[in-house]
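Heads up, the next two complexes both have chain A, just with different partners, chain B and then chain C.
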Partner chain A sequence: MRSSPWRTALIGAPVLALLFVFLVLPYGEMVVMSFRTPANGAPYGDAWTLANYGRAFGDPFYLGVLLRTLGIGALITSLTLLLSYPIAMHLARVSDRWHVFFYACVVSPLLVGVLVRNFGWMIVVSFQGPLNQVLLALGLINQPLRLLFNLPIVVVALVHVFVPFMVLPITNALRNIDPSLYDASASLGAKGYETFWRVTLPLSVPGVLAGVVLVFVLAISAFVTPVLLGGQNIVMMSSIVIQQLIGVFAWPFGAALAMALSIMTIIAVSLLTLIMRPLMRRTARWS
Partner chain B sequence: MAHLEIAGLRKSHGAVQVIAGVDLAVASGEFFTLLGPSGCGKTTTLRCIAGFIAPNDGDIRVDGASVLNAPPEKRGFGVVFQNYALFPHLTVAENVGYGLKTRRVPWEEARRRVGEALAMVQLFGLKDRLPRELSGGQQQRVALARAIVIRPRLLLLDEPLANLDAKLRHELRWLIRDVQRAQGTTAIYVTHDHAEAMALSDRIAVMRNGQIAQVGTPREIYQRPLERYVASFTGETNTLEARVVAEAGPGRYRVAVAGSELEATGPAGLTPGTVRHLLARPESLSLAPEGAAGVSVRLDAVVYVGAALRCEVVTACKQRVVLQVPVQRAYTPGETLSLAIDPAQAWLMAPGEAA
Partner chain C sequence: MKRPLRYLSGAVLALLYAFLLMPLVVVALASFSGGEVLRFPPEGFSFKWYARFFANESFLSALMLSLRLALVSAVTVSVLATMAALFYRRLPYRWREPFRILVIMPLLLPEILTAIGLLFFLYRVGLGSSAFGLQIGHIVVTLPFAFLSVAAALQQIDSSLEEASASLGAGTFETFRRIVWPLIRPGIFTGALFAFIVSFDMFTMSFLLKPIGGNTLPLAVFDYLKYDFDPMAAAAATLSVGFALLVVLLVEKTVGLRRAF
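== the complex of A and B ==
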C-alpha cells in the first residue's frame, strides 16, 4: 500500500493531541489570563490590562525574587558544570563494561522520588542529624551547626540531583570526539592541558550547552527543594507563583509572574547560546 | 649512523604478542615502509615510534638517543593518520598552524610557514575552509601539510591513502613522495598495499606476526624474496617445487621441476638434494611449442586481458602456473606446450606458507 503523508501524520496524531490538550491549551490560557483583570468568584474578569506585568516587573519585591531566582539558577548551573565535567571526562574514557556501572552511579539521584530525597536531606543535615553528630564526634565543631533552611543546603541539594542532567550530554559530546585527535594534538607538540583547552573543551561545547540549558531551566523552576530545605528564608519564583495561585487566588497576577520568569529564562538561554557558540571556535584560535 | 634505530622491540596486549622482537635501522632521508597484512604489528610499531603507546621491551633511538622516555609531544615527529584526524572546529590554516602555535612560533613566521606548507600540497586557496567542507583527498593533504610544517625529525604515515579511492590514491602517493624528497625528511610509512610500498619506498620491511620477515629495496623484495610469504605478499607469484641437482656457478643452480631440468638463481651454498620453492613471477615466464626446452605443461585456460593473454597451465605434477604471454599467437586450451623460465628471474626461496 502507498504510504501517504496523511498516514504518517496519523501516527503522530495521538502525541500531538496530548501535547495540544495538556501543553498548548494551558499555556495559551495562562498567557491570556496574565492580561486579564482579577475578579471575585471567577478565575479572572472580562477586562484586559497590563497592570499584572506592571506589578511583576515594577514592584521591587517581585523583581527582587525574579532576579534572585535567576541568580541562584546561574549559581547552581555553574557549580553543577564544574562538578560534572570531570565526571563526564571519566565516564567518556572508561571501557564499556565499567561505563554501565558508572552511568548507574551518576543517574542514581534520579532513582529516588523528589519528596523522599528532600526529607532525606532534612534528616541528614538537621540539628540533631547524623552529619552534625559525625562532625561533633570528630571534634571539628563544638556545637551543632544550623544547616537547614538556608541557601547553601538548597544549592547543594539541587546540584546533587542536577548532576546527571549535566553529565550525560557532556559525556555524549566527549565520546563523539575522535580519539586520534588527541594523538594528533600530542604529536604536534601540545601538552595535556593545551590539548584539553584547544581540542577537548571546544569540541564538547555542544554537550555543555545542552547540559547548562537543561540544568538552568530545572533550577529556576525548582519548587519542592527550595520550599522544604529553604523554608521561609529562600523564596524563589516558583513558590511565589504557587502562593499567588493557591494562597491568594490572584490567578492573573500569578500567571503574569510565571510569564515573567519564562520570558527572562528565554532571554537568558538565548544569550547563553549566543555566547557559547563562538566559544567553540574561539578557544582554539590564534591568540 | 642510522637516523632511526629500533632494537628488540616487543609489545603484548594480554597474551597476544603484537610485536615480537623488531630490529630496524633507517637512514637519514630514507623513505622506509612497513608492509604487511592487517594484524602483523606494523601500525603498533609506528605507534610505538610516535610515542602513543609504550613498548614492553626494546629501544627506539633517533640520532643515537633513546626517545622512549619522551612523551609524544616532546618527540617532534609529524604523524599522518589513516582517518586524517583533522581538528573539525579549526580552519585549514589553523589546523596546519596548530603545531607552530604549540611551539610558540611568532605569528608572522607561522603565517608564512603555513602558507608555504599549504602551497606545497596545492591547497593555498582553501585555507579558510573547515575540514568538513573538503573532500577526503584534500583533507589528507591538509594533514600532510600539518605534519611537515613543524619540520619533523621523522614523518610517520599510518596507511594515509587507505580511505581514498584509487585515482586520489595515485595522485596523493606522488605528492607524499615529492614532499618528503623536497624536505629531506626521513619517512616511516605503514601500508598493506604492496604496489604503494614498491612505488614509494627506498626500502621495505615485510612484516609477519609481529616480526620482520625481510628488509630490502623494492627490487630485492620483489625479485629475491627469502621465503614464499614475502613473495606472495608483494605481487602475483607462481611457486613450483624444485630440487637442487647441481651448482652451475656462484648462486646459479640446475634444478629439477616437474620432471624437467632448468637453470635458476638462488642464495649461495645450496647443496644438491635441497628442496626449495622456485619463484616464477608471471612476467618471467614464456610459452614455447611442445618439444622446446623447458617444463612440459598442458594449457588449461586462456583469457584475453587486453595488453596480453593470461594463461593458466598445469604441469605434469598438477602444479598450476599463471602467466601472461603476447597476444600474437593463438592458443587453444588442452594443447601441450613447453614452459620456459628466464634463469635470471627464477629464484629459489625457502619453503613456507603463503600470505
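== the complex of A and C ==
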C-alpha cells in the first residue's frame, strides 16, 4: 500500500524515540560509567580511568567468578538441551486433540515468575519437604538431607526455568521438517535411530542453536535463583555486580564487571555460532 | 516402535512433564494449607493464608503497585507495538530486519544489563528511584512481547485486501479501521496479555529501579522469604500462577497457543 513517507515516519517515531532514549542511551551510559573513577559520597567521580577493567579482569577473585559463571552457564545449557529435546520431539508430533494440553504444560511455567518457580523448588527440597520424605520412605537415606543453598539445586531450578525457552524453538524447527524426508529415509532402509541421527537431528540445528544461545545468555545473567536458592555459597557474576551497585555504591566498578560479563557472552555466542555454521549450511536447502 | 521402547519413552516424557509442572503445583497446593507451617503435603485445607495475605498492608500495597505497573505497561505497549508493527510492514525490505532486531533487543539482552543501564541513565537525568523510571523499565522490557504478537497477526493479512479497500476509495484510516484493525485485534490482545504477565512477574528490573518505599509483589515475596517460610508467601505466589493459567486460557481462546509461541 502506498502512503506518504511522512505519515509512515510518524507511526515509527514514538517507538524509535522510546528505544533510543531508554535503551540505546542507557547502554551508552553503562559503557561511559565503566571508565569513570569512584568517589566518596557519590556513586561515581568526574575523572576517567581504565582501572575498573584492570581490576575486573586482573583480580583473581573476579576473574574466577566470571569463569565459574560461564562454566555453570554451559552446564545449565547442556542439561536444558538434554531435557528439552525429547519434549520438543513429542510436542512437534502430538495430535491436534492433545496439543493444547501439552503446549499449556510447556508454556504455563514460562508465564509464571522465576521467583515463584524457585519458591516451588524451595518447598520441594526443604528439610521436611516431599523429596526428603520420598527418599526416607524408600529407605535410601536415614535422615533428611540439607538440599538448599548448594550448586545442584541452583542448577536444577535454573534448568527448570529455561526448558520452555529451549523447547519452543526446537519444536518450531522440527515442525518445519518435510515429513516426506522421513519416508524417504525409511524407504532407503534406515532404522529409527539412523533417521533420527541423520535426518531429524541435523535439520533441527537452527532451532537448537537459537535455544542454546538464548538459554546460555539467560543462564549466565541469572540473578534471583542463585541468590534465593544458593544463598551465600553460590557466587555468580550477577550477584557480585548487584552487590557493587546497590551494596557498596561502586557504580563504575559494577559497570566494568557488567561489561566484562557482556564481552565474555558475546565471545562465547560468536564462537558457538561459528562452530555450528558449517552444519547449518549443509542442511539449509532442506529446511 | 517396539512396545517396551514405547513404554520407556512414554515414562521419560511423563517424568519430564512432571518436572515442568511440579514446582507450580507444589506452590499452589501449599497456599491452601490449614496448618501454621509450610509443609508438604499440606495439613488440611483452608483459605486462611489468602485472608492473611489480603490483610497484610505491605503485601497489599505491593500487589497494587504491581497491578498498576502491569496495567500501564500492557496498555502503553499495545499502542506502541501496534504502531511499530505497522511501521515495520511499510519499511523498505532492507530496513525491516534491522528494525525488528532493534525492537526485540530488550528480549535478547539480559534484563539485568538493561536494568543497570537504566539505573545509571535515570540517575543522570534526575529520575533515579522514581515510580516513573520503574514504569519506563517495565515498558521497555515488555515491548518485544507485544510487538512479536502484533507483527505475527499483521503478517497473516493478505495485502490484496488492503489494495482492494484502497481501490474502492477508502482512505488510509478507513482501511485501517475496517480491514486491518479487526484482523489484528486478537494479536494486540494477546500481546497485551503477555506484556501484563511479564510486567507482573518482573524481578530484576524492579529490584534495581524500585522507587523509595515502593515494593512490587515479587520483591515483597523475595523480602518475605528471606526471614519467613510460611504459606503466606505461597498464597502471594499462587496469584501469579493463577494469572498465568488465565492468560494461557485466554490466548488459546483468541489466537491459539501454537500460533502464539
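Descriptive notes on the structure:
Simple rule for what comes next: the second predicted complex is superposed on the first by the 275 of 287 C-alpha atoms of A that agree within 3 Å, B and C clash if a C-alpha of one lies under 4 Å from a C-alpha of the other, contacts with A are read in each partner's own complex, and residues count from 1 in each chain.
Keep this in mind: a residue touches a chain if its C-beta (ideal position, glycine included) is under 8 Å from a C-beta of that chain, and two chains touch if they have at least 3 such contacts.
Source: prediction; values computed, not measured.
In the superposed model, A:163 lies in contact with chain C only, and not with chain B.
Residue contacts after overlaying the shared chain place A:202 against chain B, while chain C stays out of touching range.
Once the two structures are overlaid, the count of chain A residues touched is higher for C than for its counterpart among chain B and chain C. Judged by the touch definition given at the top, the superposed model places A:242 against chain C, while chain B stays out of reach. In the superposition on chain A, A:71 contacts neither chain B nor chain C. When the shared chain is aligned, chain C comes close enough to touch A:126, but chain B does not. By the document's definition of touching, neither partner reaches A:45: not chain B, not chain C. In the superposition on chain A, A:258 makes contact with chain C only, while chain B stays out of contact range. Of the two partner chains placed by the overlay, only chain B lies in contact with A:191; chain C stays clear of it. Looking at the shared chain after the overlay, A:100 reaches chain C, while chain B stays out of its contact range.
The interface of chain A with chain B does not overlap its interface with chain C at any residue. Here chain C touches chain A in the complex through residues 1, 9, 12-13, 16-17, 19-27, 30, 38-41, 80-81, 83-84, 86-87, 90-91, 99, 102-103, 105-106, 108, 110-114, 116-124, 136-137, 139-140, 143, 159, 162-163, 166, 172, 175, 197, 200-204, 207-208, 218, 221-222, 225, 229, 233-234, 237, 240-241, 243-245, 247-248, 252, 257-258, 261, going by the rule given at the top.
Against chain B, in their complex, chain A makes its touches with residues 178, 180-181, 183-191, 194, 198-199, 202-203, 280-281, 284-286. Considering their complex, residues 1, 3, 7-8, 11-12, 14-16, 18-19, 22-23, 25-30, 33, 43, 83, 86-87, 90, 99-100, 102-109, 111-124, 126, 128-130, 133, 160, 163-164, 168, 192, 214, 217-218, 220-221, 223-224, 228, 238, 241-242, 245-246, 251, 254-255, 258, 261-262, 265 of chain A touch chain C.
Across the complex, chain A is touched by residues 50-52, 71-73, 75-79, 81, 83, 85-90, 94, 97-99, 101-103, 107, 146-147, 150, 156 of chain B.
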